[in-house]
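Next up, some structures in structure tokens.
Okay, so chain A shows up in both of these, paired with chain B first and chain C after.
On to the complex of A and B.
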């Protein structure tokens, strides 16, 4: 007979995620570094620079796939936690960038070069903060 | 929503982990249902009811229902 304090075993979805996500992340880092090195060293023409610049998106999509497979494989409450924390993170980043844009318009804040590239990392970072808060609500 | 899950589980001498395994959910979900932090979906409520051979209403009680009965 198991006791309540025993840590629960990792569900298969989590095990798969812990296998797939680091692999996709490592691939992303490798492709990103390769892409940056080639673009800087060879300064290719635009027709070659476009696929090279977009190359890191492919392994990043594999990271998304790993996460979506994880969410699809966990139980309904865990899935709700993921949905709620992601929705709150998306709302914070959306309204944060929206407000920043208005402030940028009146010159109250500096313009961020290549601002769009920071939206995805910002969502992941904010989600890292919202997730433990949502988890606590269901404890 | 209130429920008698903790009592029913204790009657059978099951841990939260045991019940979680029988329901194919996480132990955290069983705990959240027992403490009223999470209301299960209808399919999961039926699964719980089947496991204990009871009707859903015998396990889960709607707050409004409790208030209505108290007012009678």
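On to the complex of A and C.
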């Protein structure tokens, strides 16, 4: 008799995701803070500033990898829910940013500095909202 | 028996997607142009301009509805391919946006309007569709 015979609340893919994603997120925060400190303190030339600015992308890719591994490890129905909620969130963010850009162009709203950096947090937030609706639809 | 022959149901679904996307796209484009024209010509107060500018957004969601209807009607393999391409395009968009935002903030790259996110996503979606198609061929 193995411990696997005990029904677990979380599937193995979810457990792995909950381990990998926070780790990658913490790494992202650490690398981002390190890059910012170095760039602000030493004001390096452009050829050095570009790789430093891009350094946080590597842990962001680890976050993406953790999510993709999670989706690959869940059953077909869960995968469908995840993909559908991602598509809806991506569409909402795409159309939302398109409209905001338009509003920005006509001067109806202020221009957001480093606007592109907000696309990822916006996507995560919208996705968090859409996921329960998609889950409810499949129940 | 070869399974490469076109499934009539799938063909109908593809044609419906094309038709619905085209109609929704045209409605969206027309309402977008009308909104731009109204704002430029009438020069309304800021809150009215914001409302006019946002008016085309619900129409854009018709395109999303067409895509979701299409995905639901696909067989398991095609649905998987479609989903994979969406995930690939979204992932590339998010990582690319993060990279450019960092470059803008820390390396002094020029400011890019959020307006570009949607066209970039469309291009990435086309590219990822092709990549996934070639991978599963």
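By our rule, the second predicted complex is superposed on the first by the 131 of 139 C-alpha atoms of A that agree within 3 Å, B and C clash if a C-alpha of one lies under 4 Å from a C-alpha of the other, contacts with A are read in each partner's own complex, and residues count from 1 in each chain.
We take it that a residue touches a chain if its C-beta (ideal position, glycine included) is under 8 Å from a C-beta of that chain, and two chains touch if they have at least 3 such contacts.
Keep in mind that what you see is a predicted model, and the values were worked out from it rather than measured.
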> Hey, is it chain B or chain C that touches more of chain A?
Replying inline: C
>> For A:86, using the defined touch cut-off, is the partner it touches chain B, chain C, both, or neither? Pick first, second, both or neither.
In response: second
>> I'd like to know which partner A:61 touches here: chain B for first, chain C for second, both or neither.
In response: second
> Which partner does A:138 contact after superposing on A: first (chain B), second (chain C), both, neither?
Replying inline: first
> Overlap of the chain B and chain C footprints on chain A, residue-wise?
Replying inline: 76, 80
>> Can you tell me which positions in chain A touch chain C when the two form their complex?
In response: 35-36, 39, 46, 49-50, 52-54, 56-57, 60-61, 64, 68, 71, 76, 79-80, 83-84, 86-88, 90-109, 111-120, 123
> Once bound in the complex, which stretches of chain A touch chain B?
Replying inline: 1-4, 6, 8, 11, 74-78, 80, 137-139
> Which residues, counting only chain B, touch chain A once they are in their complex?
Replying inline: 13, 15-18, 20, 24-29, 31-33, 37-38, 40-41, 44
>> If we count contacts the way the header does, which residues on chain C are in touch with chain A in the complex?
In response: 32, 35-36, 39-40, 46, 49-50, 53-54, 56-57, 60-61, 63-64, 67-68, 71, 76, 79, 83, 86-87, 89-91, 93-95, 97-108, 111-118, 121
